[in-house]
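You will see chain A twice below: alongside chain B first, and alongside chain C after that.
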Partner chain A sequence: MDRKADFFSLFGLPCRYALDETVLNESYRTLLARVHPDTVALADVAAKRRAIEEAAYVNDAYRVLKNPVRRGDYLLQCHGEAPLGVSEVLPVEFLNEQLEAREAADTAWQAGDADRLEALWVSLEEEQQQRQQALAALFADDETPSKAALAQARQHVLSLQFLARFADDLSEKMDA
Partner chain B sequence: MAYSEKVLEHYENPRNVGSFDKEERGVGTGMVGAPACGDVMKLQIKVGKDGVIEDARFKTYGCGSAIASSSLVTEWVKGKTLDEAMAIKNSEIAEELALPPVKIHCSILAEDAIKAAIADYKAKSGAEPGHEEKTAEAAVCSPHAAT
Partner chain C sequence: MLLQITEPDNPAPLRERKRAAGIDLGTTHSLVASMPQGVATVLPDEKGRVLLPSVVRFGEHGETIVGHSALPWLVRDAANTIASVKRLMGRGLADLGDARQFPYQWVQTSGMVRLKTRAGEKNPIEISAEILKALRLRAETQLGGALEGVVVTVPAYFDDAQRQATKEAARLAGLNVLRLLNEPTAAAIAYGLDHGAEGVYVIYDLGGGTFDVSVLRLSRGVFEVLATHGDSALGGDDFDHRVFCWILEMAHLPPLAAEDVRLLLTVARSAKETLTQHETAPVVAVLSTGIKIELILTAEVFTEITRHLVQKTLTPLKRALRDAKLSVEEIKGVVLVGGATRMPQIRHAVAEFFKQPPLVNLDPDEVVALGAAIQANALVGNRGLDSGEDWLLLDVTPLSLGLETMGGLVEKIVPRNASIPLVRAQDFTTFKDGQTALAIHVVQGEREKVSDCRSLARFELRGIPPMVAGAARVRITFQIDADGLLSVSAREQTTGVEASVEVKPSYGLAESEIARMLEESLAHARDDMQARALVETQVEADQLIELTQHALTEDGDLLNERERAAIDAALTELAQRRQGQELNALRLALAKANRATAEFAGRRMDRSVQKALTGKRVDSVVLG
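Right, the complex of A and B next:
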């Protein structure tokens, strides 16, 4: 297994944001079957250790690609950008919208307003889809996007991170 | 993960939760977000005529450490001048709350929030004299002034 290869080529995928999950899942199973520590003879300690490391590597790569935020972060890094950091500048309007949406969710939850929570969920999913589509368009081929496009992509990935957090909160409230 | 007692105390009894009208005179609003975890924090200060922070409010959607950090900062800034408030360091917040290394970014968020609130207040209250300066400069530089 080539551990210098990027995560996409590891799974036989093109280096793009849009993801073919069927290919990803199939390659994942194939790779894991090949490197699974249980397939190595118990006595061969070095081979066993290598298999454990490779399995961990495959699992990590799979989790990164599967996650819409981490996949975006990874693509930014593939194209020479810094990983998402602690201090990132986000538009105040976006943060305001986020705060308002979370306040609305709190109010609806306290009032037991399931319809309002559902409506918030629908618009949240819409925004997630829009941003993922925008990322798919920005990372559509093997070319490195322009600096301006990379900056846009970064904003989308950061926003998706906030939306994912809100989605966790919201689904908890909807289940309760 | 276990929270420290001070974090729990602020989390269970957060101080100064709420909002000021951000258009009100003397109010500065800082909006910040933590990309690492998707937390959102709004911190507001109300500055008196003497330049001292009279009151503060916050609203944080995030983990216990983020809520505790912002709650603590609203207590700390009251009675401080803007310069004193600007000098608050995230390391002091982290130390006071005994935050573990993985939660240091929550204290950074609170420091960023207070700085953003002060910057917003200065931008709002300084808008008028700043505008005059610009006009004066423009007059000197404009071709009309030379003729």
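Right, the complex of A and C next:
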């Protein structure tokens, strides 16, 4: 197994944001079947350790590609960008929107307004969709996007990260 | 079609086979199974009995008796006859709740429990090893030689300490442990491989003392555990106890002697078992006081007095489905495991919940050992000798793992239900200037606060050269192997200073503690979220105040008076809100302060001194 290869080529996928989940899932299983510690149950300690590391590597790559935020972050890094940080600057309008949406969710939750929560969920999903489509367009082929495009992509990934946290919070509220 | 275990096309000659076995080390009884002819079969003792009672007696003449012959001594020689030792694995005295409920003499110790017996002090690992030795002997006699390796099953909900203890016991019994396998997963292997199943299956495993539920996807030879949940303090024994209480109530009995308690529990259990086939069961006993009991327990009454226990199993089911992001309609089948699932009301409840009758083709007592045998057979390399394609088992970790961070909060490094094996690294940094050591505290559990989780290990990384706060880069790595066992290491990146620990706590989570912790984590999810958000926002506020003040001293000349006044005002308000408990007010003040300082920060960046304000990555959190 080539651990120097990027995660996309590891699974035989093109280095793009849009993802063929069927290929990902199948390659994941094929790879693990080859490197899983179960294949070396009777081997020496070194072989067992290597199997754990390789299987862990495949599990990690799978986890990164499967997740829309981690995949975006990873693509940015593939094209020479810094990983997502905490001191990133997001547009004030977006932050204000987020603050409002969260407050609306708090209010709806306290009032037990399931319809309102549902409506917030629908618009949240829409925004996630839009941003993922934008990312798919920005990372559409193996070429490195322009600096401006990369900066745009970064904003989308950061926003998706924000939205994902809100989604967790919202789904907890909807379950309660 | 998957590996077939019932009708092999061409069983390989015995000499080419390696001897391997699967062991189900249970609370009430244990089993061993193997595939001597390419067919998974449970191995009976010389009298044809498959189940070995998990009871160990240390006799007067130095002899150790295991199984059926030890049973009669449970009442007569309780202190030297140990039953249900599985409940003690990886446990400390403090974990047992009321230790007096057990008829044993405890040694006062802070580590794993130890009992005083005629044969000296014994810990649960040594006692379990006696059961494993008996099973090893049985297997080696029947298979005609030493075992190459075994797979031992554990409840999916066993924590690190319980898994370590189980593995130790097997080593002590002279066994080569190829893998610890989760019981529900073992059941899925036995069932899935036998029936060529495809799709998502739920394993409902109600044992003597624990309840486990696992959701698995079976797809072309891959067993992928999607989610697991459970209640480690709910089992068949609780149903016996309900019947026992019913007897006490109906017969108006005074407080009983220990032997009468054991007697009535036995009577209660047999009544429960009778009701799996009949509508009524006689309850007859004569107590040591001469009191005679003669009652009739009907199925209807039994269902009524145990209704809440059945209901209790539905909560983990719902949670496991939610973790797997699946609905009831997407479940292809439900496999029942554990003798307690023979109860008709369990079968009804499961059928009702999943809108389909459960699958009961395999004996619920044997299915776990059979699955372990199939896995053991594959791991020693006999796989190619049997018909069928290759298959692969992908399991998950049952509980979240993390580190203690600032404010007594848990920074989760590995979420529950993450695929194993895994290696997960995260960078941390120092909090104070000149800090040369970092205390690392590893915890297991779902709650946000360290005090609500289980402490697994503490160690220190020392010898970090003095640097300014935030300059050190300490990478902490969690590794979980295929048995679900954890090791943690820490390394300072710039100097290469290292420290590591294999997490081997002397004892782990209390039986009821996991259940309680999970229960509370969900019940308190709301409070926790609030508490966490507040502490986090406070930390954020402190950092902003400190950093801005630092920046003002250094680059205050970048601002005119009006700008400076605005920042000062925002900081004052933030500092004031920081002292309160109002999350929303604090958030607002923080947002305002962030906005007030944004322009200033921009100018400082232009001055290329951004390092002072940023330089902290999303994956680096300050440890206290």
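Note that in this section the second predicted complex is superposed on the first by the 174 of 176 C-alpha atoms of A that agree within 3 Å, B and C clash if a C-alpha of one lies under 4 Å from a C-alpha of the other, contacts with A are read in each partner's own complex, and residues count from 1 in each chain.
Assume a residue touches a chain if its C-beta (ideal position, glycine included) is under 8 Å from a C-beta of that chain, and two chains touch if they have at least 3 such contacts.
Just so we're clear, the structure is a prediction, and the values are computed from it rather than from any experiment.
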item	value
Three-chain arrangement built on chain A, chain B and chain C clash or fit	clash
First, second, both or neither for A:85, with chain B first and chain C second	both
Touched partner set for A:95, first chain B, second chain C, both or neither	both
Touching partner for A:17 - first (chain B), second (chain C), both, neither	neither
Partner chain(s) touched by A:33 [first = chain B, second = chain C, both, neither]	second
When both partners are placed on the shared chain, which of chain B and chain C touches more of chain A	C
Partner chain in contact with A:169 - chain B first, chain C second, else both or neither	both
Touching partner for A:55 - first (chain B), second (chain C), both, neither	second
Listed stretches 76-84, 364-372 or 616-624 of chain C, narrowed to the one that overlaps chain B	616-624
Doubly contacted residues of chain A, that is, touched by chain B and again by chain C	84-87, 92, 95, 99, 103, 169
Chain A partner contacts - residues on chain B that touch it in the complex	31-40, 42, 59, 61, 105, 108, 112
Of chain A, residues touching chain B in the complex	84-88, 90, 92, 94-96, 98-99, 102-103, 158, 161-166, 169
Residues on chain C engaged by chain A in the complex (per definition of touch)	148-149, 178-179, 219-220, 222, 322, 378-381, 390, 392-394, 418-424, 479, 481-482, 525-526, 529, 584, 587, 591, 595, 598, 613-619
Contact set on chain A toward chain C in their complex	29, 32-33, 36-38, 41-42, 51-53, 55-57, 59-60, 62-63, 83-87, 89, 92, 95, 99, 103, 106, 169, 172, 175-176
